[in-house]
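By written order: A, B, C and D. Residues from 1 in each chain.
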Amino acid sequence: MDDVKIPSSEERKSALSGLGTSRKRVEDARFTQGKGNYVDDIKLKGMLFGDFVRSPVAHARVKNIDTSAALALPGVHAVLTAADLEPLGLHWMPTLAGDKQMVLADGKVLFQGQEVAFVVGDDRYAVADGVSLVEVEYDELPVVTDPFKAELKDAPILREDIADQKEGAHGARRHPNHIFTWEAGEKEETNKVLDEAEVVADEMVYYHRTHPCPLETCGCVASMDKVNGKLTVWGTFQAPHAVRTVASLISSIPEHNIRIISPDIGGGFGNKVGVYPGYICSIVASIVTGVPIKWVEDRMDNLMATAFARDYWMHGKISATKDGKITGLWCHTTADHGAFDACADPTKFPAGFMNICTGSYDIPVAYLAVDGVYTNKAPGGVAYRCSFRVTEASYFIERMIEVLASKLGMDSAELRSKNFIKKEQFPYTSALGWEYDSGDYHQAWEKAMTSVNYKQLREDQKKQLQLFKEGKSRKLMGIGLSHFTEIVGAGPVKNCDILGLGMFDACEIRIHPTGSAIARLGTISQGQGHATTFAQILASEIGIPASDITLEEGDTDTAPYGLGTYGSRSTPVAGAATAMAGRKIRAKAQMIAAYLLEVHDDDVEWDVDRFSVKGAPEKFKTMKEIAFASYNQAIPGVEPGLEAVSYYDPPNMTYPNGAYVVVMEIDVDTGVSDIKKVYALDDCGTRINPMIIEGQVHGGLTEALAISMGQEIAYDEQGNVMTGTLMDFFIPTAWETPTYETDYTETPSPHHPIGAKGVGESPNVGGVSAFSNAVHDAFKPFGLTQAHMPHDHWRVWKIAKDLGLHN
Amino acid sequence: MEKINVSMKVNGKEESLTVEPRTLLVHALREHLEYTGAHIGCSSSHCGACTIDMNGKSVKSCTVFAPQAEGAEILTVEGIGSPDKLHALQEMFKEHHGLQCGYCTPGMIMRSYRFLQENPNPTEEEVRFGISGNLCRCTGYQNIVKSIMAAASKIRDEANVEKKEIA
Amino acid sequence: MELNDEITIPAKLELVYKSLNDLEVLKSCIPGCEELIEEDDGKLSAKVVLKVGPIKAKFKGKVSLDLSNGPTRYSLVGEGDGGVAGFAKGGADVELIEDGDETILKYVAKSEVKGKIAQLGSRLILSTAKKLAKTFFENFKELMEKEKK
Amino acid sequence: MIPSAFTFYKPDNIEKAVSLMSDFGDEARVIAGGHSLIPVMKQRLTDIKHLIDLSGINEIKGIDITGNQISIGAMTTQVELINNEELFKKAPIIREASLQIADPQVRNLGTIGGNVANGDPANDMPGLMQLLDATYKLSGKNGVREVKARDFYEGAYFTARDDDEILISISFEVPSGGYAYEKQKRKIGDYATAAAGVIIRVENNKCSSASIALTNLSDTPVYCDKAVEIIVGKEIDNDLLDQVTKACVDQSDPVADQRGPVEFKKYVAGIVIKKALNRAIERS
């Protein structure tokens, strides 16, 4: 055996494709050949289709629903209305935020696009004909689209079902259209600091309503097998286990008789976290008809009725000393929740993690209050590629920093640097109660400023301004800065649950006799490449090549319980569970190896893919050998097989952060902006797969570009959704999208088993402020302090006009 | 409503189906012929997820009625490569991380497939303009553009090798 | 949205006012009106086909006339349910001014739409409403001219 | 998004198509590229019982350039307009404008006939055809007649075409002089916020002939006759161009939509018109 050379640790490590490798994705073979399996690809024997009759108006009493013409149509099998669901107690359903929502219009409609009746038929075509034949008589009511008018004395009452309730899921209600008031921090102390401050900046920062709009819309196939009493639902679920539990609770079908499967998902971005009437109606229709029912919404339905994001009016005050040391932060937010509070937030956080709004800064005292109100708009309030309300919080503080810098006459890069939480302050407890795990903001900021040559940029900007003032150019240059701190990985069961379900996650690993493996998780990929990256975590933990590890997610009958994929929680929570389960495997493997090598357990040590005898590296057992032994050796005191499961309850959230710079040129006459540079430095802790991280950053930046520069869900005063198609709802094409520069620093999370923090959402959180700040920065010399997003052509033009730049 | 017969050649195979005239081509392909590669993203001809090749041109199959495709030669993503021999685009999308959730990918690849025949040696800017009828929500396009540029180069190299072999 | 215009009708004010109250006249002047019937309760029910380019939608609804300020003022309000297409409300406040044997008809037309037609057709609503109002009054003028002959 | 049912016809000559149109009247529609019509059908904002596909009629396809005369069959696609080198030599503005319509896939099916006959003020070809002073040939049960593009548009979707008529071809003289088609839009695939086309001949810095037309700035395309009157015969200078631009803007009558309010559109109209003028003059 001596003549066989043992490959070096480095060689063996590289053969694993573990942590830090830009491993190519295993998912891609299917997707590039058109062999993905999305919900609309599922075809079951005898399957019927279902679709909704939706309300054309935003607020009305439903006087009558006549389904006779639809039912008379050949090919239409059933039409469900609230009256049909009521005996089952399914005409309303609980929302994730402790409110309830109509499944089908119960006496009135509260937003345009609301589900009124569910038509079931042979195929999409018959169903569409049926839908057009259902006659609904509406008696229109006054419409409230402005959240500031919702609480006026004579405002129409939207939610008659709870009009008299003085208490809601999150405390006292003061008006029939008021949902909750949520407070954090020190109110009096903050007011005192503001009163006595040398400088106070005061601004209203609006983060407009938008929508995650994944390319695949929401849908499901529900199949009730009456023979064995089992309900199977395939659907676009970002949290399949939570859907199973909720489905069981509201349908009374025992949870073990429900199987939820998330097949391939064509993007989620938060849109597919919630439970929608389509799922409930498909299940009921399957129970009624005894055959599988498919429901897939169309794009307009998706933009009109499924979960929106943002819509926060954030009034802020920030105080500082004359030389720029921040002394306090105050924020009052009016949150427009639409007709039902269906925000996807952990129970104790009705405004999500908005209380991360102190951002990256060491702010001694702060106060936050959020008021949620009902309006005649679609429900939702999901995190759109960000952790719960974190992009709102980050946008707020990054705007307030800019506004304060203007007031102080100080460069905002310097103001940031002056107030960053210092490296040695970590773990750092913020004024609003979060414990930031780790970071080195100054290092990241300096790297960013050097990389983009910030000083030179400011020089260029001055020159451009001069040209503009001399009438030689109609363009202004804007430099948008942002330093964000995300809070992801929800979360510790002690403070994070959704509908009472603790937000842990789990991984179960089985090593096969020949040394390959399968790992199952409670999460579900929607493009993040879990099958690739989780295998890499495991490869490094258990020394089996990533290519020999199959990853399986999304089937509640086989996967261990987990809360799913959103809020950048997969890596911080499920990734940790994966590492921990791997460590359990390794611990058992150590015992087996010691037995095989005939030494004491403590006398073997781990070496990349094997255990070797301490001091005698030539004596070893590889994981492959150990795996085989575990199946065919009777080892005293050790059970056969090599399996492990870990349920990971994270001790804390993780706090990815980053420094972004956007440079753009703005034509003041047309409002057209030309993005010259986008630089994104991310610190997501340990980097599992740099290629995938970079891809996530590109995608998130593009969503940030879209949101800040044009994307919105706009309503007119009658409550019509004016952006219901992809012509008006802005999604940039390859042509409008710039090329990005990415960069990184690496500050591992101290409490995460492998130090990873999550990255999917960072570029959206950091990007929106950077793009928006660039627009503001361009007009700063003319006195602009705040202009609301989206910064589409006409709104940018309006800024220029209002500043008198058009003569 | 009366159904009619529609014949077309899909991925080299003669297909005949009996459908209502209003049947959209994308449904004819996905539901009647079970080529589920083409996806539906917007239904309004904005997103390009349903892009296929019809008579040598890229079209959005959600905005074509099946009878309009009578006698047409259709190519879908299922028809451009095989598991044993992937098309250069399929390989390069994988190599350069040109996809994430995969939903836009078949449309994106089919558009690129035709685009590279229209312009075998494109600049990056031309690629961006050439795929501007296809939306992607995940990738920010940067790696898609990279993948297409790489595929273009691979296809050119292969063509050169073939030429040399013939010579 | 509101649109103002005026048109001169070759008839005496009294006749103009009377004609504006005549169901048959209204029916033949409302563009696309297929049916206009007085119901038992005195209200008018209507069926109107709205045809604008590729758009064609059938609306069922009510028309009401406000005659309280006659004969110099007159209001017509209609609202209809177009099913999948959505809802439309429209109307006109008319002022009649005597001008010898002729009558100057001034009107302010209003329209409001909801549902898909509002969502997808917003950029065309104003010009369509303008066109429909104009067509109505031009039809009316033509009719009055014919009657004169 | 599923349309209601219809019967489908694919006539192979224009007479058959016209006869179907007059048989079914209001219940029938012709379909060319379908990219305006099909989305509306899918939204069920229309009720078409009979759909007549014109793609089988070869006589209304293709581009014919004879001497000074260009004739384009109604069923010629935008991509054919873009790729035709002879057309590009004779009337390069067609390629410049066509490349700004929708996206590659839509241009592959979208036809010039569909684009001009639809009467949607947001379509680019109607303005372009007014710019070129094109003539439309319509075929109906009473035979063939010609209508000038500048007389064709009456309101949004209201045109001089009778219900039973089919647009069969578009013809115009080879334009001479500098040209430009300027369009501001929010993104690829969007309609114009404002767009303007200019064709101008300048000799010794004096304008000898000009044509200017606007897209999506009124309920019809706008041919700017007043502006043309101002510029023809004059020495070109910046003041004159400002006057001309103002005259064009005065003829526009845009409506507010998601692209912005009227005031913004008029302002941007001024910018794109001026840009088009400058670029066209530079090229002349």
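By definition in this document, contacts are C-beta pairs under 8 Å (C-beta built on N, C-alpha and C of every residue); 3 or more make two chains touch, one makes a residue touch a chain.
This one's a predicted model, so the numbers in the text were calculated from it and none came from an experiment.
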Farthest chain (mean CA position) relative to subunit A: C
Interface ranked first by C-beta contact pairs: A-B
Approximate Å spacing (C-alpha centroids) for the pair subunit A, subunit D: 44
Subunit C and subunit D, separation of their C-alpha mean positions in angstrom: 32
Subunit A-subunit C separation of Cα centroids, rounded to whole Å: 51
Length of the line joining the C-alpha centres of subunit B and subunit D, rounded to whole Å: 30
Sites on subunit C at which at least two other chains make contact: 84, 116, 120, 122
Where subunit D touches two or more other chains, by residue: 1-2, 4-5, 43-44, 103, 188-189, 258
Residues within subunit B bordering two or more other chains: 20, 22, 43-44, 46, 129, 131-133
Overall pattern in which the protein chains touch one another (line/ring/star/complete/other): other
Pairs of chains satisfying the touch condition: A-B, A-C, A-D, B-D, C-D
Interface residues, subunit A side, partner subunit D - complex: 124-125, 127-129, 132, 298-300, 669-672, 710, 714, 722-723, 726-728, 730, 732-733, 735-736, 792-794, 797-798, 801, 806
Subunit C contact footprint on subunit A (complex, rising order): 56-58, 112, 131-132, 135, 138, 300, 716, 718-722, 724-725
Sites on subunit A touched by subunit B in the complex: 24-25, 27-36, 38, 40-41, 43, 123-125, 213-217, 264-267, 269, 298-299, 526-529, 691-692, 694-696, 698-703, 725-727, 731, 733-735, 737, 739-740
Residues of subunit D touching subunit C in the complex: 26, 29, 36-37, 40-41, 43-48, 118-122, 155-158, 219, 255, 257-258
Complex contact set, residues of subunit D against subunit A: 1-2, 4-5, 43-44, 103, 184, 186-191, 193, 258-261, 264, 267-268, 271
